[in-house]
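Alright, structures below, take your time with them.
Below are two complexes that have chain A in common, paired first with chain B and then with chain C.
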Partner chain A sequence: MRALDELTNIASNLVNPAVEEWKQQGKKVVGFMCTYVPEEILYAANILPVRLRAPNCVETTSADVYLSHLNCTFIRSCLEFTLEDKYKFLDGLVFTNSCDHVRRLYDILREIRPTDFPLLYLISVPHKVDDDLIAWFRDELDRFKESVEKTFGVEITDASLRNAIDVYNETRSLLRQLYDLRKGKNPPLTGAEALSVIVAGFSLPKNKYNELLRQLLAELGEREGISDYRARLMIAGSGGCDNPAYLQVMEDLGGLIVTDSLCFGSRYFCEPVEIGDDPLLSLAKAYLNRPSCPRMVDNAGERSDYIRQMVNDFNVDGVVFQRIRYCDLWGGQLLHVEKEMKESSIPMLSIDREYSLGAVGQLRTRVQAFLERIER
Partner chain B sequence: MIVGGCDVGSATGKAVVMKDGEIVSYVVIPSTTKPEITARTVMEETVKKAGLTSIEDLEYIVGTGYGRLKVPFANENISEITCHARGAHWLSPTVRTVVDIGGQDCKVMSIDEKGSVLEFVMNDRCAAGTGRFFESMARVLDCGLEGISSLSVKSENPAVITSQCSVFAESEVVTLINEGIEVVDITAGVNNSVAGRLNSMVRKVGLVEDVALTGGCAKNEGLAKSLEGKLGVSVMKLPVDPQIAGAIGAALIAAEKLSKKTEAISS
Partner chain C sequence: MVTEEKKNVLKEVLDYLSFATDMIVERFGEKHPEWAWIYALLVDYYEEAYKAKDTGKPVAWINFGVPPELFYAMDIMPVVMDALTGSLASIGSAVKYIDLAEERVPDYICANNKTLIGAALAGDVPLPDILVQPAHPCDSNLATYPVIAEYYNIPYFCIDMLYFKTERSAPYVASELRKLVSLLEEITGKRLDLDKLKQVMQYSNQAHELILKHEVLRQAVPCPYSSLEAISEYGLVLTLAGTPQLVDYFERRYALSKDKVSRGEGHLPKEREKHRLVWIYGAPTFDMTLLMWLEKEYGAVSVANMNNNFTMQPVEDLSNLDSILMGLAEKVTLLPMTRECGGPWENWLDASMDLIKRYKADAAVFAGHVACKSNWAVIKLIKDKLHDELGIPTLVLEMDLFDPRVASTDTLKAQFDNFFNVHFKG
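Moving on, here comes the complex of A and B:
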């Protein structure tokens, strides 16, 4: 399993050899916070987009000077990494107004580290979707594109955008194929492994990532499927769920994770971008219309439907809804999901957690009790 | 068929020996810092009390509780949530909602007519509403755990304690003491604050009668009374020590597993 090993290695660190090589070639790397950032725009400028994470961040003592305990630990960990200069390899940081926690991180960086990164940008994403707002978002992406061009002295042409969309669509298609393998009775990979594959893709040039994914699919075709599990689980809820070890705790108890509705997961790749005459408009449409984060208003029902759809497609026995503490967006969504799952007789376990893996004993007790309840 | 259940909790270790569906003996001891030792000590004492010579006389053993992975002689381990539900159901088959208040967590389970868990919620992220909370209150009030129960039922004017955090609640209680509020009224306030928290947990899984309290804190009559007031229904008293409900559940599951195993062999 050479491709899987390589991807797992990449996922466990913030920086990997491909990023180092990219930097050595004198090319730029830009960190982004949220999957509402169209990475294609950066890729089209020959800039490597890397999703912000804070793997193995245990303490947030420096960040807590600026952020309170009511901010989620994902954001506090990312600020900690900034203050510890772990993001020094990045030439820019791009945020969205995805949630108030993310916004506070951006605000604080503007205050205390305004010149650390040549590009420090927040893309404003609408909270509702209609034709006018899609057109508005297209213009916002245009402003972002201009800012990238100006900061780094590059030109982003329509042709390069189209090429980037093609490469990214291929990633989306390969990841869909990977997830399809998990629909069967004996999936060839665990949930923790699948998460590693997804996470690795956020810090690799997508053309290289696509190559690795093709190898991985070939390898998995040869691999014996997993049959010794007690129940098939699905992970839903907060972003910042990027730690395979967290899923491993559940899988060690016999719950095989077969799918998810995470932005570090299926919601990232499930819809291809349809290329029209105006690539920026194509991106605006696709990014606003794909399965949403609860930052979008008035469509809690669609998000619950998405979970139900995944439950059906992947033959899921139970949903684990994890939420990083103080994630108010998913907290609100939880009310809706709980009601909907109950009505559809889909067992669900809801868990509060922190970004870093801790309180494993408590997690085990809950998951074990849940498995005892739902196992076939 | 003679089986054992061993519940290694954060504050106490509990063990039960059952023979042909009847409790033969049970023992409760304080937990040590080594769960393996707590488990062995309590199980050995229970076995002795049952008139057996050693743990090996038991045909099947299930471990449960926080230390369930550290019960070296157990055939398997089952979560305390499943065990408490099963134990409470066996003790009173009409129970549909189990409120378990242990040393360091509290949980509420809704169960079906077979004693299987339908839903559960659990608080184990802080000491609020747990045995530890009562212990620290008893210390500040210098009334002993017993006092929290026996004094509180005499109160006609319970004090109000707003903080759910045991550390802050302690400061609040100290303030009340220094304002000259009677200990009787403060103990009632302590029980009310925990009952309030349990009430919202029960509402979360859905209140279905009968409701039973298990765990060490179920012996606190003031708490039971306060919870009844908030829920608006009566809380039933279990026929044995509510602290051993989890160990009973473990023993029942042990018996079930053993008979399944025996069936499989004979068929």
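Moving on, here comes the complex of A and C:
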């Protein structure tokens, strides 16, 4: 399993050989947060977009001088990494107003590290979708594009945008194929492995990633499927779920994770970008219309429907709805999801967690009890 | 057979306010007529809200930051959810609803939202015909109201807002308001009457101009204004903007302050006003007597707070719908709390610095509501700036504005004791 090993390796670190090689060629790397940032715009400028993460961050002592214990540990970990200069390899940081914690991280960095990153940018994303707002967002993306062009002295043409969209659409299609393999009775890979594959893609040039995905799909065709599991689980909830070890804890107990509704997961790739005459408009439309996170206000019902649909498609026995503590967006959504799952008789386990894998004992106990409940 | 009346929190608040008004008139009628004025206005408002369903008037639940003027112009009763939950907290009735909500949502959701969720789950609040909120100030609001609407199948509208305040903000919000008007027309089956809106806007502007004039008087030393009012008036403005009652209130209130200031009188006698506090965020809704204790114990008058820091301008051009919506859009993006909590942190910093300077304060208090994660994220930056640039100390309190169980009044008092001891001893 050469491709899987390589992708798993990449996922476990912040920087990988492909990023190093990219930098050695004198090319730029820009970190972004969250999935509402259209990476294609950066890719079209021959800039490598890397999604911000803080793998293996266990303490946030320096970050906690600024952020409080009431802020989500994902954001605190990212600030910790900035203060420890672990993002020094990045030439820019792009944020969206996706949640209160993210936007304040952007605010803090502007104040305390204003010159560390040549590009420090926040894209204002509408909280709902209609034709007006799509058009507005298209203009916002145009401004972002101009800012990238100006900061790095590059030109982003329509042709390069189209090419980027093609490459990214191929990624989306390959990831969909990968997820389709998990629908069967004996999926060829675990949830932890699948998460590694996705996470790796956030820090690789997508053309290289696509090659690895193709290779992976071929290798998985040869692999014997997994049959020794107790239940098929789906994982839903907060972003900041980029740690395969977290899923591994559940899988070690016999709960095989077969799908998810994560932005580090199926919500990232499930819809292609349909290219029209204006590539920026195509991006605006696609990004606003993709299966949403609860920052979007008009889709509370659809988000629960999405989970239900996934449960059916992947033959799921139970849903683990996890949130990083203090994540209001997913916390509020719980009210609706729980009701819907109950009405559809879908067992659900609701968990508040931290970004780093801390209280494993407690997680184990709860998952164990959940699996017993499902088995009965 | 006597059938038990269905519990209704609007009635509960109404009964309490009626009782409190009588008590205030009796005990403070002469010394503080203004307190009774505020309560009397609230009694009328809740009475109307309570009776709306019976009279067949459509009801909207709205958030602070949604212009009530549009609703008054369309004969829709705007029940301001934050004012309702705040009132429930102030009479000690929020806690049970918070507990109920916490069975269904995480405890870190704002108690303001949990109170409403709990009341709805208990069936103790009649559901509205529509729920309207702005996209600011916070995730907790944004995460709960659309979910409540979906849960109970209530029509819902969010006035989207931009992160940065630029020349693009007002047209953006105005376009959102236009969509809201269309939806309200659909729900009520009635067209917006432009003449009626103009009339409502005239009231709104009259009150607004008095607020701005009064604001100048309020800065006097000694402060002519009691701490309690400084907090309560905010709710009043965001609830009653566009009504003649609010104009009447501010006319009387302005005259009162003017008279006091001209005689050099303050809420506390000049020699007793030792400290001037600016609350750069809210204040404990569950126990406002803390403010009186500060006056008594330390001569510390709470001269201003973030919430009733109205600095935006009235809507200038009332000639047509577009210009009115544009003016309202400009106004709502600059409303207190929307402004401080919703956009970049500098909004909060600038507003706080400005308040401290204008009101000649010597200390700032951050009533750090545990649910306001965006404020907690930058309080260190704010505190440092206030210290470095204005030489002002800030007391940072970790508390819940609605729920005394996070930090009780006694706990807060102890922190004030310590603060005064460290910064103002001798």
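Operating definition for what follows: the second predicted complex is superposed on the first by the 375 of 376 C-alpha atoms of A that agree within 3 Å, B and C clash if a C-alpha of one lies under 4 Å from a C-alpha of the other, contacts with A are read in each partner's own complex, and residues count from 1 in each chain.
Please note the rule applied: contacts are C-beta pairs under 8 Å (C-beta built on N, C-alpha and C of every residue); 3 or more make two chains touch, one makes a residue touch a chain.
Fair warning: this is a prediction, and the values are worked out from it, not measured in the lab.
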item: Partner chain in contact with A:Leu329 - chain B first, chain C second, else both or neither; value: second
item: Contacts of A:Asp352 with chain B and chain C, given as first, second, both or neither; value: both
item: Chain B versus chain C as contact partner of A:Asp180, first or second or both or neither; value: neither
item: Which superposed partner A:Pro126 touches (first chain B, second chain C, both, neither); value: second
item: Chain A: partner with more touched residues, chain B or chain C; value: C
item: Chain B versus chain C as contact partner of A:Asp158, first or second or both or neither; value: neither
item: Intersection of chain A interface sets (partners chain B, chain C); value: 352
item: Complex contacts: residues of chain A adjacent to chain B; value: 352, 359, 361-362, 365-366, 368-369, 372-373
item: Sites on chain A touched by chain C in the complex; value: 65-68, 70-72, 97, 99-101, 103-105, 107-108, 111-112, 122, 124, 126-128, 130, 132-133, 136, 294-295, 297-298, 300-301, 323, 325-326, 328-336, 338-339, 352
item: Contact set on chain B toward chain A in their complex; value: 66, 78-82, 105, 116-118, 120, 122, 124-125
item: Chain A-touching residues of chain C, taken from the complex the two chains share; value: 104-106, 108-110, 113, 117, 135, 138-140, 142-151, 156, 158, 160, 162-164, 172, 175, 179, 344-346, 370-371, 373-374, 376-381
